[in-house]
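Across the two complexes that follow, chain A remains constant while its partner is chain B and subsequently chain C.
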Partner chain A sequence: MTLKQRRILFILACLLPGIALFVMFKVYPTVQIFHKSLYLWTGLSDEPRFIGLKNYADMFRDDVFLLALRNTGLLMLIVPVFTLLIALVNAAILAKSRLRERALYRTVFFFPSILSFVVIAILWSFIYHPTMGFLNSGLELLGLGEWALPWLGDQRTVLWALAVTLIWQAAGYYMVMYMAGIDSISPDLYEAADIDGATRIQQFFRITVPMLWEIIRVTLIFSINGVLSISFIIVSIMTGGGPNRHSEVVMTYLYTQAFTNANFGYAMAIGVFIFIVSMALALISNKLTDRGSY
Partner chain B sequence: MMNTQPHTTRRSLGKTAGRLALRLFLIVQTIVVVYPLLWNVLASFKTNAEVMESPWRLPSGLEWRNYVHAFTQAHIGDYMLNSVIVVLISMAVLLTAAVPSAYVLGRMRFRGRGFFTNFYIAGIFVGGVYIIVPLFILMNDLQMLDNRFWLSAVYATNSLPFSIFLLTGFMKSIPHDFEEAAMIDGCGYFGTLVRIIVPMARPGIITLIVFGFFDFWNEYVMAMTFVTSEEKKTIPVGLANLMQIQQYATDWGALFAGLSIVLLPTIVIYALLQRKLTAGMMLGGVKG
Partner chain C sequence: MKTSRKASLITVALALTLTACAGNDNTPGAGKPTEPDAPGNATGAEQAFDNPELNIAVFQGGYGREYWDSVAEAFMAANPGTKINITASPKIAEMVRPKIVAGNPPDFMYISGSDNTPILDGLIKDQALLDLTDIFDGPASDGEGPLRDKILPGVLESRSSSPYGDGKIYLAPYNFGVMGLWYNKTLFDEQGIEPPRTWDAFFALNETAAAQDRALFTYQGLYPGYLEEMLVPAVYSVGGQEALDQLFNYDPAFWSSESFTQAWGILERIAQEDNALMKGTVALNHTQSQTSFLQGEAMFIPNGTWFEDEMKDAPREDGFQFGFLGVPAFGEDKDVMALSNVEQMVIPAKAKNPELAKAFLRFLYTEESVQLNAEKAKGVLAVVGAPDLVKEHISETTYNIYKAVDSGMATINGGFGPVAKGSKYNPSDEVYKPISSIMSKQLSLEEYSANLTKIYTDIRAELETAGAE
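Coming up: the complex of A and B.
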């Protein structure tokens, strides 16, 4: 065997395990959702029947799907904005205030992002629990007993309650990213601003935010995509889509269609739709936040 | 001089007040993060009646029975063992696939390198939960369901694109002289990879392991979908089931004990790995 052949053999051997796994568990299923979304396919033993775009047409006449879409949209709007805002403010404070215990805050704030979503969902179910939860009993303690609500059982509050959980989970993660970004901003900029008499708040808006803008753009896309997948776990454990489907999100709906109703073709059409929408959202948010390069 | 004196004291007074406000702001957030966790640990020592009573009161005694129940009736120990098995297999599969791929893509020139690199980068964005339906059908056809090895293989595949992306960057930063010297000394390609490159890429590999641990340990949706038999379920699925059961059986204590048992190793590992974790995040995340 020549040296060249050995080299090629080595390259192939190195690439093979990764490619095999990737094609089998990622590429093939991705191709499948596009292909089988054009079929009527109900049940594993059922033979798929080609129906063209009917699954897609059905989606827009399906009231539950539209409600789920609206709920998901609302979460995708609220959660990233508040998460990133809180993360940014905390990061700026911790990176610039030189508080002695800043490492402690950082450790604590980051902690929820390594917790299992299941653990978080269970804990927050008890925070919102109508009788034994500490949100309601805390309100009573403060004499605001009449504000107590069944937070997850009321269709007006359920999405907001879930949004708070999602923000609680993710804010620390993005904060650490922003802190890394702030550390890499040249201290000269802040010194110059200090000399010119700029306040801390002015420095935040004029230096920190513009210098971090590229990172903010990336985290915005991460965060939007995160909501899509995390909301599935949070909703399925905390509310099951209730009350009366008012917290149903597209992923829980897809899952029910596939694994409860065995509507595989329809579920895959929903999957394709989500896939395209999340790609489109990434592009749009990328476009909207494009300020040219600094 | 006379004029500036009161001015500066007012300013430093404002500064202390500002610091106090900042601290207050941060402490309130700390409580919001810590209290639910603390409450959970406290509740795990309460009797059922105490749990129902008030979330603010301390437990009157230590109800260790909750922990006994968590192990004997709720099988937390078995779920944990399954999670450990799945994490270990996933990690082994991930490293076997990612390290050689990243080495070749990062350090060797050959036709198709750009294609494969982009192929994996696209994989970072594609995937997630919405391919779970075809994945389920595929695994059903190939009889891979209810099998801890194949669940782990899927986990490893999900982490693969980002891992390769991260490691490739690492590989590129290692100077080429080392390999050349190793080659001259008669190390083959494989020997060079194992003896020279792997030790040098250690920080990158550790980052992968740290991230992988939390991803694999916490994963819920796929574990719930692909594993059906009770004795193979992992911790997140076990806890979610427990939650469902306790709502009717109202044995809250065992549920909270179960949660605490899961929280404890997470906190310990977090305390040990915290620095590596956040450093790794800056490495991979910010670039990502």
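Coming up: the complex of A and C.
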């Protein structure tokens, strides 16, 4: 055996445990999801019945699923846009201004990211509490009592109320990422712009945003996928999908179908659908934001 | 225990974030296995079991697990040579699910708690439960007469025990709870308010409520499922068992019947009358609304016998005292009623040791066991006379409720029949969830009944297709 062959053998031997674990815990379950989505299965019996693509066909005739999909879509549209916008503006202000409290603000804004989602959800349930909540009491204090709504109990406001929670939760996290990015932009650029008489706003659009573009692209995908997974916890705790399913999201619906309605196969079909959609969204947003490198 | 959908949602989320912490409370055998050749005592085993080992899985909720530990010990003492392994957990469904899928379920399961009971629905859909009818037709372990006679009347015939409606029992009853409307007894006594016996009297109290600076009614807004506690008895009050059967067996005609119009009419009236519904109710979860009730912001709230225990640490107005009303009737000539709910125990069809599981189940209805249950779990088994055995362990209010039922207060017990396997509909969600929108006046009863007529027609059609296959 040549030295080269032995080396290859050694490398393979080293890779094997990792690959085995990866296949066992990632690839196999994923394949199983695709596989089980083709069956009528309660998730309990050991005799799933093959029904082909019926689960997928049913999905588009299921009003509740379509409503959940619409709600999720709305959240995936609003939340990343506002989160990243707020994060970016805050980061630019904090990084470029000479505020003394800079470190304090950075910590305060980052705070939600280290809280557990469950805590955040409970916290916001009380902020939105219709009578003694911070929001409605605040409105009453300002004499705007007639604007006070049962935010989480009204089908017109519930999704927006949840969106605010999601944005609040994530903005600080992305802000810190952007601040790190801004710090790595050469100060020379800003200095040169200053000399040429560019305003702060021009600097933001002409220097900060282009230089951060690659980071923004990545955070956009993170944020879209984050909405998908975090919305499950937030919705489960804050509204339970109510009122009358107006805050049901695909993940909560998937969970209900799998574990309370004993429709495991159908739930897996929903899972596959979400998988495909989020992959597609990631690709699309990647393509749309592709400007070549600066 | 239906200790309610309450913590359930939070625990769901917690479980997902903290999966790693999901404690596995798998304690092998509560007591030591009795010596196989222990000197036979008088009460000892007359039976020898081929397989002396029994694996049971029990829900560990508000009632704890001490009862199961001690009843297992008592059973092993009475049947020398047997050995019972107990798995107990608040998330028992999650723990037994993989075993069931692998075709190796526990021999006996007590499943309760809203996180867990859906697994029973799955097993019912799969026809994966053992027929227990012979146990209840057979003699009781102690005393004479068939075991059936010891169980509270009506329970074994209801959906919660006989899910397919064919008289065969697949789910054995354990503790039972009673649900209805609650009020502040001190307030009613001091102000000389008479608890309303009819819905008209109920609405007439709205003025009194306003005078007391409180709303007439509140409920667990985010979880409108609690409203079944008044809707089901209301339906019964109008249309009797026939109407309930329509509701629970998916007769689309129910949604245009008088029973529907009257029962759901209560909701519409609550939604529309001034001061009837506590402000913000629709946005409150169960704890928030129940706290508001205790603090005197609303006069009535629906809930079950677990109410006092559930809210024991919550703040309340001065002198608050729990008072249980039940559910008012339509018309003077009818009685106040209540909804009852029974926890369930099952033996999976694929249990490895069904004989011993059956013997164990029979043992659970003995006086000794009922007594143990009262002592250790403070629970009231669904057997005749159980309330008196727990009297010293539960509060007076709770005892009085049970006693009222035991001595003949009409209780309604019912649940939705199984839907076809693979159906996307979850009947109780379809029926109760839209009530949020009725309560916030964003959905009219006409639209609601049209939707549900369609859904019931669909469910029926699915059942027929499934039956034809």
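One rule holds in what follows: the second predicted complex is superposed on the first by the 268 of 294 C-alpha atoms of A that agree within 3 Å, B and C clash if a C-alpha of one lies under 4 Å from a C-alpha of the other, contacts with A are read in each partner's own complex, and residues count from 1 in each chain.
Please note the rule applied: a contact is a pair of C-beta atoms (placed from the backbone, for glycine too) under 8 Å apart; a residue touches a chain by one contact, two chains touch by 3 or more.
Worth saying up front: this structure is predicted, and the values here are computed from it rather than measured.
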### Task
Quick one: classify A:Asn244 as touching chain B (first), chain C (second), both or neither.
second
### Task
Based on the superposed arrangement, let me know which partner A:Ile19 touches: chain B (first), chain C (second), both, or neither?
first
### Task
Figure out whether A:Pro210 sits in contact with chain B (first) or chain C (second), or with both, or with neither.
neither
### Query
Counting only touches as set out at the top, which of chain B and chain C does A:Ile93 meet: first, second, both, neither?
first
### Query
Which partner does A:Val118 reach: the first (chain B), the second (chain C), both, or neither?
both
### Message
For A:Leu44 in the superposed arrangement: first (chain B), second (chain C), both or neither?
### Response
both
### Task
Please work out whether A:Tyr128 is in contact with chain B alone, chain C alone, both, or neither, and reply first, second, both or neither.
second
### Message
I'd like to know which partner A:Ile274 touches here: chain B for first, chain C for second, both or neither.
### Response
first
### Query
When both complexes are superposed, which of chain B and chain C contacts more residues belonging to chain A?
B
### Task
Mind working out whether A:Gly52 is in touch with chain B, chain C, both or neither, as first, second, both or neither?
neither
### Query
For chain A, what residues appear in both contact lists, the one with chain B and the one with chain C?
44, 116-118, 122, 125, 131, 232-233, 237, 255, 259
### Summary
The chain A residues in contact with chain B across the complex are 6-8, 10-11, 13-15, 17-19, 21-22, 24-30, 32-33, 36, 44, 90, 93-94, 97, 99, 105-112, 114-119, 122-127, 131-134, 137-138, 141, 168, 172-173, 176-177, 180-181, 215, 218, 222, 225, 228-229, 232-233, 237, 251, 254-255, 258-259, 264, 267-268, 270-272, 274-275, 279, 282
## Note on the structure
Residue positions on chain A within touch of chain C in the complex are 40, 42-46, 51, 58, 62, 64-65, 116-118, 121-122, 125, 128-131, 136, 150-155, 232-233, 236-237, 239-245, 255-257, 259-263, 265-266
### Summary
So, in the complex, the side of chain C touching chain A is made of residues 5, 9-10, 12-14, 16-17, 97, 100-103, 118-119, 121-123, 125-126, 128, 221-224, 279-285, 288, 292, 297, 421-424, 426, 429, 433-437, 440, 442-443
### Query
For chain B, which residues count as touching chain A in their complex?
19, 22-23, 25-26, 29-30, 32-37, 39-40, 43, 51-56, 93, 96-98, 100-101, 103-105, 108, 110, 116, 119-120, 123, 125-138, 140, 153-154, 156-158, 160-161, 164, 188-190, 193, 214, 217-218, 220-221, 225, 235-237, 239-240, 243, 255, 259, 262-263, 266-267, 270, 274, 277-278, 281-282, 285-286, 288
